[in-house]
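Each of the next two complexes has subunit A plus one more chain, namely subunit B in the first and subunit C in the second.
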Partner chain A sequence: MSESAAILSDRRLERETAKRRQARRSQAIAAASTLVVLGGLLTWILTSPGWPEVRETFFNWEVFKESFPDVLRGFWLDVKLMVIVEVAVLAIGLLIALVRTSRAPALFPLRMLGTVFVDVFRGIPTILLVYLVGFGIPALQLTGLPTDPVVLGGIALTLSYSAYVAEVYRAGIGSVHRGQRDAALAVGLTDSQAMRHVILPQAVRRVAPPLLNDFVALQKDVALVSILGPQEAFRIAQIIQGENFNYTPLIAAALLYLAITVPLARLVDRMGGPEGAVR
Partner chain B sequence: MGPTPRSTPVLEARGVTKAFGEREVLRGIDVEVREHQAVALIGASGSGKSTLLRCIDLLEEIDDGDVLLDGEVITDPAVDPVAVRRRLGLVFQAYNLFPHLTALENVVLGERRAHGASRAEAELRGRQLLKRFGLEGREGDRPDNLSGGQQQRVAIARAFAGRPRALLLDEVTSALDPELVGEVLAAVRDLKEEGMTMVIATHEMTFAREVADFVAFLHEGTIVEYGTPQEVLAEPERPETRRFLKRLLEAGRA
Partner chain C sequence: MRKLPVILTLVALLALLGGCGSSSDDDTGSTSASAADCEPGNLATQSDGVLTVATDEPAYPPYFIDNDPTNGKGFESAVAYAIAEHLGYPKAKVRWTVEPFNSSYAPGPKDFDFDVNQISITPARQKVVDFSKPYYTANQAVVALKDSEAAKATSIEELGDTKLGVQIGTTSLDAVEDVIDPSEEPQVFNNSSDTVTALKNGQVEAIVVDVPTALYLVAAEIEDAGVVGQFSAPGGDQWGALLAKDSPLTACVSKAVAELEESGELEALNERWMSKAAGAPELE
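Take a look at the complex of A and B:
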């Protein structure tokens, strides 16, 4: 008995050493290939004829240090805008998805409106929508309508992203097996209770990764509001760049965007399961 | 079995028909179930057993005829289907538990939202029901972590939690591994002994013989033979019934 256990444990040791050897080997290969690829790319860029010029105009440390505080101040506006718009988008998108999936005959006109909303605002390029809302609404000269370009830009982004997010929710709702609704009705729930307590909780869990993905996209698209004039990160970077003909402030702005989109992207990966994650 | 013969049946179907497009699934079903009785629906797959149960629970709309619950026509378009479903319990072949909720939350959801019980009240009863069906200690488990037999027992507890007038069981053991069938049938037997009125669609003939007061054999959307288990299962008169039972016997299921 103890002898066979000893034999087994020997074999096991052997297997584990072999596995460790394999792991070391794949790590070495990964490291080597990374080195070769990145090194090659870097050499290619650094030895390019225009590199000294590019380094001076895009990666100028002095300009970076000088412009960063201003760009960061502008970025704070981007952050506020993306948080407010995202909350509005999650709520409005859900509302549209619920209207579009409801079967109540009284909601028919709303259902139609929901379809039109999604078709129109998903079909127009976001940048065009920012222009149309940003310059169109003030041109109406109606009292009570907002004229602040930040608010108008936020409205345009909300319209565009609500249309996308509504479809994400709707796909999630549609993916819940109809047996779930049957079971909810069978225990005596109403249609709306079945939606709220049984179908939506499952649907939202399923679409959390694509919702976060849209959030990442939105975080970048807030820069589009700059075309209406507000001094957010991209706009400020552009102004500084225009003043001293150096593109480094744009790099500063890009880094700031990355600082918030990359962590979120990793979160999306983790939610999507191990296959999505970088290993 | 002691129902007074003249009492109103708990459930009654009168000339119920149902078609899905061109396909007529129910072609004039007449059946009644009296208080404390269990009626077993037997018949080949596609004979209409499940559809009949779904029509009774108003998950499907019937085309013609009537279904009555305690003498009241429930298939009238003016009747609120939600109120009717609160008086019935339905157990599905594939359990259909809510995967995002624990066993206890599954049992409690209808109590709280449909029957307006307080959380404490509903949970106390939910725990008692789970214990009764042998699931003590599993209250906090999600359906994922339960065996098929355990899931189906949670589903039975869930259907029973609303104190239904009648329980509709739709082939509750068909999705189970053979060794798990017994524990679910024991739960149903337990309910029958307590006097629960039931309609049981089943492929388990031994079980039908033991638990049912009457057996209805469905064939192509009609009840072709109806009687006591002895009459239908041991001395069937109709050739369709005999053929069906013979096939089951050959498959080792009777």
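Take a look at the complex of A and C:
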């Protein structure tokens, strides 16, 4: 508030104080209601008859300290897998979206394949897909096909998420007004040039928030690869859980996933919000 | 300052986590109800007059046959009925319930009196649940496809570079890490069938399981596989019936197991269902 104070009328001053008072009041209400709600929840949980046992088996500091380094070591595998899969998904998803939005009559079989791909891989639960790819491909006993569980799990996740992401891209491409394409063609660009230089840049920018949203989802779903055997965070947490009959390592793993998903979610908020919208 | 509610929320979360402190009540786990408490057929069971026994689904041979615990066939089914008999509950008074391994030790009330599921007794686990006196001591066995490198191993050392698979929640993983200490991290699967599939598929070169499981697998499930050998897990791997922490039945079940041991009944059941266990060569 650095406007010249000289021209502030009494009325305006009054309005300002009233506004400030109102702001303070709503803050106080928010704080009080937070205290009441959270305090109530906490008391409700902490005084429950099973709480001492739950505290011992889910929030055991000793077990937490002991298991955290191991779980963290496993989490590194999750992070690597997530980044590699995400890159593959962004590329493959875009390719499928381009195929599905293409108009050339000769590309009809490809368009059909694209539709089938999306229908099938978006329609199968991700965990099932991981299982089928992870145990099914090695069962073929073909030389040259991967048998490494991390690679197989990565392939399954890529199939599933490419299908989702292709649809996001397609929605983005569809949202660009057709006048843009007409204008591009009118100035002499070819169809593919129009797509590449006019439509795609606008489309991708528009769907950045939903793409990031899928990235958050993928970040959690990498834990599904654990069913194929690799010792990633969730699996290591389960192992320590079984050794000690204590669920605390799962909390440690959950915190690690949160440490990545929450900042990403805030980023999505910011991109979608009114002030930080990407244009 | 609109962050205040956010800060309060964080503080509350921390309180939840931090409030957990380290209250490790070290009890020695000796639940000693006097033998007199074990009045036959009249124990403090979950439902009056009925003994509820739990195991996982599917229940695997040779511990259970045909995935049906109620048929009395298979080692653990037979042992459970024998224990029940000694507690004064004839077959008709025994009810079976399904309890997945991972929830058998969850806090909160249990809906079984005891659980038999090849559960190894360890001190860490005894902090959370009660175990009966052990009814079986298992060795670990290495199973590999007959034409594989691993099948030729004659010592623990030769298995050092083998890609191994184990089942989660089993003490086999500890055994692998402590005894074999392979150069490649072992793969850990959800259940027995996934572990077997991984071996058949060549995703792992060998798997480590309890000896009776191994003998069953090579006899019935994986024809072109053989038992490479057996070794004992560090500290021995003893299985006990799992009961709720401080269950009034623990001492009674332990007493029943002791009686079965003395009378030779346990040995006979062992022989009947898990017999060929001694056939595998010892790995040093």
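By definition in this document, the second predicted complex is superposed on the first by the 265 of 279 C-alpha atoms of A that agree within 3 Å, B and C clash if a C-alpha of one lies under 4 Å from a C-alpha of the other, contacts with A are read in each partner's own complex, and residues count from 1 in each chain.
Methods note: a residue touches a chain if its C-beta (ideal position, glycine included) is under 8 Å from a C-beta of that chain, and two chains touch if they have at least 3 such contacts.
As the structure is a prediction and not an experimental result, all values here were calculated from the model.
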Problem - Fit or clash - subunit C, subunit B, common subunit A - result: fit
Problem - Which of subunit B and subunit C A:V54 touches, first, second, both or neither - result: second
Practice task
Go through the superposed model and pick first if A:L189 touches only subunit B, second if only subunit C, both, or neither.
Solution key: first
Practice task
May I ask you to decide whether A:T158 touches subunit B, subunit C, both, or neither, giving the answer as first, second, both or neither?
Solution key: neither
Exercise for the section: Scan A:H197 for contacts with subunit B and subunit C and give back first, second, both or neither. Expected result: first
Handout entry: Most subunit A residues touched (candidates subunit B, subunit C)
Key = C
Exercise for the section: Using the touch definition from the top, say if A:R235 reaches subunit B (first), subunit C (second), both or neither. Expected result: second
Problem - Which of subunit B and subunit C A:Q180 touches, first, second, both or neither - result: first
Practice task
In the overlay, answer first, second, both or neither for which of subunit B and subunit C A:R205 touches.
Solution key: first
Exercise for the section: Considering only touches as defined above, state whether A:T34 meets subunit B (first), subunit C (second), both or neither. Expected result: second
Fill in the blank from the handout: Min C-alpha distance, subunit B to subunit C, superposed, in Å, is 33
Practice task
Identify the overlap between the subunit B-contacting and the subunit C-contacting residues of subunit A.
Solution key: none
Fill in the blank from the handout: The subunit B residues in contact with subunit A across the complex are 54, 57, 59, 81-82, 85-86, 88-90, 92, 94, 96-100, 109-110, 113-115, 158-159, 161-162
Exercise for the section: Using the touch definition up top, name the residues of subunit A that touch subunit B in the complex. Expected result: 179-180, 182-190, 193, 197-198, 201-202, 205
Problem - Touching residues on subunit C, where the partner in the complex is subunit A - result: 1-2, 4-5, 8-9, 12, 15-17, 19-24, 101-102, 105-108, 122, 124-125, 127-129, 165, 168-170, 173-174, 185-190, 194, 197-198, 200-204
Exercise for the section: Would you mind writing out the residues of subunit A in touch with subunit C in their complex? Expected result: 27, 30-31, 33-35, 38-39, 41-42, 45-46, 50, 52-62, 135, 138-139, 141, 147, 149, 227-231, 235, 238-239, 241-247
